[in-house]
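As structure tokens, here come the structures.
Both complexes shown next keep chain A, but they swap its partner, so chain B is in the first and chain C is in the second.
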Partner chain A sequence: MDLVQLQRQLVDYRTSLYHEGFLDEQFTQLQSLQDENNPDFVVEVVSLFFEDSERLLNELSKALEQQVIDFKRMDAQVHQLKGSSSSIGAHRVQKLCIVFRNYCEAQNVEGCLKCLQQVKHEYGIIKTKLESMFQLEQQILNAGGSIPV
Partner chain B sequence: MAKPPRLLIRTFARYTERTAFERPLTSGVAYAVRVLHSEREQFEKQQGWTIKRMDTLEQNPVHKDDYNPDLLEPSPIQEEYAPVVFAQDIVSHVVSIDMLSGQEDSKNVLCARKSGKGVLTAPFRLLKTNRLGVILTFAVYKRDLPLNATPTERIQATDGYLGGVFDIESLVEKLLQQLASKQTILVNVLDTTNQSYPISMYGLNASNDGLEHVSLLNFGDPFRKHEMRCRFKQKPPWPWLGITTSIGILVIALLVGHIFHATVNRIAKVEDDCHKMMELKKQAEAADVAKSQFLATVSHEIRTPMNGVLGMLHMLMDTDLDVTQLDYVRTAQASGKALVALINEVLDQAKIESGKLELEEVQFDLRAILDDVLSLFSGKSQDKGVELAVYISDQVPQMLIGDPGRFRQIIINLMGNSIKFTEKGHILVTVHLVEEVIDSIEVETESSSENTLSGFPVADRRQSWKGFRTFSQEGFIHPFSHSINLIVSVEDTGEGIPLEAQSRVFTPFMQVGPSISRTHGGTGIGLSISKCLVNLMKGEIGFASIPKIGSTFTFTAIFTSGSSSSKKYKSQQINKMSNSVSSEFYGMRALVMDPRPVRAKVSKYQIRRLGIHVEVVSQWKQGLSSICRGSNAINMVIVEQEVWDKYLNNSTLFFDTLEKIDYGTPPKVFLLSNSISSSGANISTGVCNMTVIPKPLRSSMLAAALQRTMGVGNKGNPCNGQLNSLSLRNLLLGRKILIVDDNNVNLKVAAGAMKKYGADVVSATRGIEAIELLTPPHQFDACFMDIQMPEMDGFEATRRIRDMEHNINNRIHHGELSVEAYNNVSNWHVSILAMTADVIQATREECLRCGMDGYVSKPFEAEQLYREVSRFFQ
Partner chain C sequence: MNSSNGNGSMSTASSSGAWNGRDQFPAGLRVLVVDDDQTCLMVFEKMLKTCLYQVTKCNKAETALSVLREHKNEFDIVISDVHMPDMDGFELLKHINSEMDLPVILISADARKQVVMKGVTYGACDYLIKPVRIETLKNIWQHVVRKKARNTF
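So, the complex of A and B:
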């Protein structure tokens, strides 16, 4: 596939992510922070996000398996997840975190479990999509082109 | 037995006569002596008469006067006799009659002597008089007898018998003399010894109807019983008084009872109603709360897609755009932002209703606000063919301090109403200082109805502020020297408000007719909110409206002058556009061709904002001559649509003359048109290029048009986003910033943003670290602190830092610590801004309370960041 096509593909892919609500304006901001001084900024931040989120999701799963569920701790962790997803513009994940927090406040175990499943699901999706996007970008770079803004 | 002497007889008679008063009830007394048969002859000889016996009435009824004792038969032979020897004169006829010969009398006598007590006879017809009477007989004994003497002893000791005659009739009459009353009383006296056969002693035996009073009479005889029965002769009359009184009392009692009953009922009903009202009130309050919650929720839901739209526009701005596109995008963005603002205003309504509304104090540019509002309505007014214009007096300062959002809200409301109800003519917004207007009130000449913006008549604006206290002679107090008292009028040539609805105009939810909301939309709450806001701004609002002519709404508001830029006030983003552009056109000259002075004034104002000198002519020929005169080179000619339509459309003279100008470049011609489409087709070919500027005239539009035609000014102005980052770069370059956040991702993003603006960033993940790093002396210029952190939250950390700074400052002041050791800074106060994901009012107050200097939302938003940071680094 030639460069222009790749670039167009990237643009379309990105636009679709916005349209479908996976990403929001914040991701754009993030991209604007990337420049010559900081060429891999977005990838770094997103990788950090993946690490952090996976850790948090594991801890949340464990917490919900306990006999006595520590809702407060869970709430704090979901808050973390919410914060980081909002920082990178992972819109859907952020929205789900808000709902998750409500369930934690209400100490609704059923709700929490269901929400956790949804969050994991969404997280999986956004991870895949972002990784695809990064792959595309890498392909463009390898082909000698520049990433369209 | 000796013969009683004649003297004794007479003495007895006389004595009894004289003492008769002692015995009022008796008719007479007599004494009979006991004579045994053996003594009879002797006795008769002594007396000189024979013992006679009584006649019974049935055998020989004799008239009393004819009564002759001598004609009586001598008494038959008996064991003993009881002839009367002494008698009172009244009863003297009974002398010599044997008492034992009468049936009743003998019984009486014998009984008396046996018992030793007085004995009464049954009533019977008396001798001679034949009247009903009774006789009381006492036995007289020869000697005193003891009380327990036997009857035999008594009989033996008897000497004679003393009898008293009671004439019942006279007796009763005497007795009854006391009973005389108004009513005649019938009295029956009866001897009731034999219960079943009472013997009537006195009184007529009249029928026994009516009430009878029975009383027992006691004459002292234990063997006999007597009764007296009294009754009224006439039936008692109806006791009218009693009946009336009792009926009256009954009626009164019934009425009272009825009143009481009614009152109790009423009380019960009122209490019931009260309960219902309480219920309804609770329901209403709950409904109100629910409504507010609903509003808030719905508004939040609307905000999300709006943010999406705004985000897209933002992205569009970052692409390559030319001036016109940029202007359009900016307008779209402004509209979008305005919409979000409106949504916020809806939320504010809930605040207003609960009375928690407060005004901001921010520096703002009035002209910029009105430009915004103008853009907001320009599309709609063009569609309707209504001319929109804004004029702001030169005396109004550039910057004011007040609440721009609320001010804008009021203007939008008034203009919105005008647009809704105006189909032709114009809408003119004017802003003056109150002082200007007051001075002109007195000198106001007769303004002709033709002298308006569009030529259509309007409601006189002076009527709209007629009632304002500010203008009344007594009321006008000169406000503080810094305060600016503005008066704003919105004048339209619409339908006007019907006279009967005019009093209700400021009542919430009041609309002129039920069809209004159907045809025009709206809820009718705008004017009441505007009124509230105007009052909060210490102003007044009023209107003058003439149906079918138009309405003019006027309000005053008090602001303070914002020329002294004090750091206390947050400054809104200054209209970069006007600032950067005005310098480009400064000094140019323009000629405006417009016959209407009001409209020309508006155009002149807008053009002058760009720094261009303006001359106004009303006749095109005049204009032409002044161009050709060439004393002052005119760079541009701005022609009103009206002039063009009337005179120039079909005339080539104008343009030919322009082309023939031999000095310098001919001026560019611009057409001010009411709608974009109409005049486009009218520009005939072969004419020097004429640019169309759509009305409402805005400086920005003009500048854009000028730039295009005159090639002045940098094409592709730095778009908004870059402008922001440029200024942020200016602010933050080289500054040392500390960012504290427990979330790695957030930290990285925030640090990245800061680095982009050229700041020197240090990151920390814990509050304790932050405290350590910010212990004086340090080099940090500012700190962005996340609020929600696990070990120690942002508030606590800030508090500790402030305490620490305070402590050190004090010690430096008291000389305990040397100021040199602290970089010669004696008042340590590092700017700390909170980073928070929830930007709520409450959090803001908390931030300020624990010593923070401001807050920004997470993730960073460039505008807000700039705003907050520029307060410290200017």
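So, the complex of A and C:
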């Protein structure tokens, strides 16, 4: 695939992520913060998000396996996931966290279990999609091209 | 006395924080940002630096309080997350209000009215909902000027 095709593929891919609600304008904000002084800013922030999210999702899974469920602690963890997902524009994950928090507040175990599965699912999707997008960007850079805005 | 901002260039800020002749103001505004979430902290830091502010970041409220106590008069404004383990944003706000004269902005992904109300009644000069846009951060200098003006008159 030549450079122009790669660039076109990236633009289309990125646009679809917005159209399908995976990303929102906060992600655009992140991209606008990237510059020559911090050329890897977006990748770095997103990597931190992946790290934080995986830790939180593990902790939430463990919490729901306990005999006595600490809903307050879970609520704090979901809140944190909501904050970090909103700061990178991971729109679907953020929206699910709102629902999840309601179930925590209502101390609804079934609801929490269901939500956790949904969040894990959506997180998996956005992780794969962002990694694919970064790979595409890297291919363009390796081919000597620049990332289209 | 000149201080440098995060980008390594010199601003005309004096350490006493007087604004006279600071035509680069609000560049060089000295901000302390506190958030236990490393993703959010990294984004804030970058946004604040893009605004040409001088940024110090902390991931714990206790650390932020020590920094403020040890370096009094070296900060213009504090931005803090609300929900943090150990000491939260409200407690930090209470300490800052009783010990020093700094404007504090609270930030949270929590938009519930009772929480925002608590922030305002505890004396936060503003309460922002995450995700915070850079345009909002470009205006925070107004809180600093407003507080100084209130103290003078």
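Everything below uses one rule, namely that the second predicted complex is superposed on the first by the 149 of 149 C-alpha atoms of A that agree within 3 Å, B and C clash if a C-alpha of one lies under 4 Å from a C-alpha of the other, contacts with A are read in each partner's own complex, and residues count from 1 in each chain.
In this text, contacts are C-beta pairs under 8 Å (C-beta built on N, C-alpha and C of every residue); 3 or more make two chains touch, one makes a residue touch a chain.
Model, not experiment: these values are computed from the prediction.
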Which of chain B and chain C A:Asn38 touches, first, second, both or neither: both
Chain B versus chain C as contact partner of A:Thr28, first or second or both or neither: first
Contacts of A:Phe49 with chain B and chain C, given as first, second, both or neither: both
Which of chain B and chain C A:Leu10 touches, first, second, both or neither: neither
Touching partner for A:Lys82 - first (chain B), second (chain C), both, neither: both
Residues of chain A at both interfaces, chain B in one complex, chain C in the other: 26, 29-30, 32-33, 38, 41, 44-45, 48-49, 52, 76, 79-80, 82-84, 86-89
Touch list for chain C against partner chain A, complex: 36-40, 42-43, 46-47, 50, 81, 83, 85, 108-110, 130-131, 133-134
Chain A - residues contacting chain C, complex: 26, 29-30, 32-33, 38, 41, 44-45, 48-49, 51-52, 76, 79-80, 82-84, 86-89
Residues on chain B engaged by chain A in the complex (per definition of touch): 307-308, 311, 314-315, 318, 721, 725, 741-746, 748-750, 752-753, 755-756, 788, 790, 837, 858-860, 862
For the chain A and chain B complex, residues of the former touching the latter: 24-26, 28-30, 32-33, 35, 37-38, 41, 44-45, 48-49, 52, 76, 79-80, 82-84, 86-89, 149
